[in-house]
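What follows is a pair of complexes built around chain A, which joins chain B in one and chain C in the other.
Presenting the complex of A and B:
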């Protein structure tokens, strides 16, 4: 592993992305809106008491944490890696003396830092205006960290293996659109998954999408018992391993097949 | 008459372009269906938990979703593509091709607003109308002539306001990076998926008077369910007229600032 080269790449992408910060701020603003809509919808719905055992202020806390988690784990490489493969820009990546994974990681870190510069202040202002209640125990705070890390790892490699499909099909974007819809419905954005109808709840608990966003949020803000936490972490870890495995296989198989387009 | 004939030619030439990429039809269909499913399931989840949302029944909220889908389909049909061809990335102003648009012997605002059509948006339009008709049957009351005409009036006002807002943001391209404003508006436009009443007071004020998102969906939906006073109807039509005139003036002022980007 060429760490020095990797770090140089991170710094390069970071400074080049900072030039376009207004663009990224707008992008981050756009991603904040769907959870924000459901924050207002659910806290209005719960106005006269509770819905599904949650008070309006608890909904506010849930969705504010969700905005941060969603932004931190969002896999932008989903789209960019596929484009790089299709356009033939992958050639330049392959020629450099460091693993191509570093390119995506550097874009990932650079993008997250630039966006957090917008999202954290925005979430803080919203918290001041909307007054959430958050009674997290120290244990919940401690468990939140690994849950968040695993969520990021899972979403990153999940997006990566989907992007690798671009080696075979030029239209892998359609699959990514399906994924976005599933993330919206099953990850806890449209509602905390405890409020979903039974068949959707089962799907949410089995499929990986809840573990990319909703699970860490509920670890911090929800009332998960020990059994929920344990099964949650096990399923999350299992999906992460599957995603990494799929990425490794597809990346290698894809590279063997890859014939560059363009110069 | 000449202008009507020109619109016909714009439509035909856009249709020829679209038909060259027939595979896109299925991708477009998939995106539209996913968008519809996500919207309807989102409402189903919400109304699985509560009877009404701030006085809005399931049927009324579904009608509002239908209005949202119809309005955004009309935007995607011609307003969006036309204005994007002008001010978007690699659009006419960016590349300097706008000089040719200025040279044509017709009104420039007419030309840039209507020249590009995206026929695949008709799928969205059909789905939107479908949702609206289901919502009307769900409402369980016969529509009076007054309701229908009020609804059509507010729909016209809605599309006019949307066009005016987008034209204003497009005109800003003569002063700065106008596309960024349009993207910010895209994010805010999503708030129109739910009745304006679910948002807190300060946001409702902003969404009524600063960026009149309320006129886009909430008021037409209210007109359809019969919860609208003649005053609101008059105000929204007046607002639409005012915004149309304002946008047109701003566009003309901007035009005078335009200095070619090419050679």
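Presenting the complex of A and C:
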């Protein structure tokens, strides 16, 4: 592993992406809009008491944390890997003695840092205005860290294997649209998944999307019992392993195909 | 005996491409069942190149040059055959191999658009694990040779095509590769920029003994840089040897230009057999004669015609190459 080269790449991507910070700020703002809408919808709906056991202030806390988690875990790989494959720029990566994964990771880190420069102040201002209640126990705070890291890993590699489809299909947009819709519905953006109809709740708990966003949010802000936490972490870890496995297989097969047909 | 720097044996690359007739019906049919066609891009070519050699790799568009270079740089798997570059099998893409070679593509930039070239160079220095001293001295040398110090801190987006090409060369040579593949390095550049880059490549090859394989459509590049050329056409190797001998072998004729004294201008000429008139304008005539018979024919011409001026030349290399590209054969 060439860590020295990888770190240099991170710094470069960062300085390059900083040139576009206004673009990233607008993008981050766009990503904040759907959770913000549902923040207002649910906290208004709960005005006269609670909905699904949550007070308006708890909804605010849930969605503010969700905004942070969603942006931290958002998969950029369709642009940072998929477009590189489609445009034939992969050659430049393959000619250097550095695993291509580093290019993606550096873009990931650079992009997330640039966006956080916008999202954290925005969330703080919203918190001052909307007054959330957050009664997280120290255990919840501690567990939130691995839940968030696994969520990031899962979403990153899930996005990565989807991006690898660019080796075969020039456009995988339709599939990505389906995936985005599933994330929107089942990850806890539309509503905390406890408020979904029963069959959707089952789907959400089985499929990976809830573990990309909603699960870490609920670890910090919700009332998950020990059984929920345990099964949550197990399923999250299992999906992460599956995502990494799919990435490895598709990346390797994709490279073989790339080497067969040329870029 | 030690192995040559680049050894290629029976290297073959066949692409499978989907084919489809025009029209709606054909496109419906191709949804269900796709027809494929095998296209032979490179067919069993073989050559070997010694360390420090500078070889021009020429052929018309679509001849298989870039495919071959991509196989040698490890970007493509061959369908059959083998290749060794600096002792490595390229398509295994081992890190040590990648540190030994470099590929510079004239039509594909690897510079990041928004940051100054120096930043990209620094990252490359880190990727190749160069010590700060090595990095500095190599960079200084390249920058000096290319006369581009003033470009180092400008964003790449503000550079001209020629200036960007200089950056590509620096990016490709920072790690002092022993084997360099240059694919159309002078594409789209003006004449003086072309000749400056040529001088640079020559200089670099002499200083560091790097093996260079160069493709170019500008014969001036090849003439200036490459004592040896490898010519491929339709994926087959047509010629491997000195550029000057290429003309001799492939163009078995010479050009004779004669000037006639004024009184004979415009009159019918009595020419020996085997002489072809290419052009005639009043008192100037351009003839094509068989290479072997040239001396005898010349003597005859001097005896029979009132010649005021005479020049014998090899046909221009462009004309020879054009003849091969058009005719497809040697």
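Simple rule for what comes next: the second predicted complex is superposed on the first by the 257 of 263 C-alpha atoms of A that agree within 3 Å, B and C clash if a C-alpha of one lies under 4 Å from a C-alpha of the other, contacts with A are read in each partner's own complex, and residues count from 1 in each chain.
Operating definition for what follows: contacts are C-beta pairs under 8 Å (C-beta built on N, C-alpha and C of every residue); 3 or more make two chains touch, one makes a residue touch a chain.
Computed from a predicted model, the values in this text were never measured in an experiment.
After overlaying the two complexes on the shared chain, residue contacts for A:23 are found with chain B alone; chain C is out of touch. When both complexes are overlaid on chain A, the residue A:231 reaches neither chain B nor chain C. In the superposition on chain A, A:4 contacts chain C only, with no contact to chain B. Shared-chain residue A:45: touches chain B; no touch with chain C.
When the two complexes are overlaid on their common chain A, residue A:133 makes contact with neither chain B nor chain C. In the superposed three-chain model, the partner touching more residues of chain A is B, compared with the other of chain B and chain C. In the superposition on chain A, A:181 contacts chain B only, with no contact to chain C. In the overlay built on the shared chain, the residue A:34 is in contact with chain B alone; chain C does not reach it.
Against chain A, the residues of chain C that register as touching in their complex are 15-16, 67, 70, 73-77, 91, 93, 95-96, 98-99, 101-103, 105, 108, 110, 112, 114-115, 119-120, 122-129. The touching residues of chain A, counted against chain B in their complex, run 22-23, 26-27, 29-30, 32-34, 37, 40-42, 44-45, 47, 51-52, 129-130, 171, 173-174, 177-178, 180-181, 184-185, 190-191, 195-197, 200. On chain A, the positions that touch chain C within their shared complex are 2, 4-5, 7-9, 11-12, 15-16, 19-20, 88-89, 91-92, 94-98, 256, 259-263.
Touching chain A in their complex are the following residues of chain B: 23, 27, 30-31, 34-35, 37-38, 41-42, 44-46, 48-50, 53-54, 177, 180, 183-184, 186-188, 190-191, 193-194, 197-200, 203.
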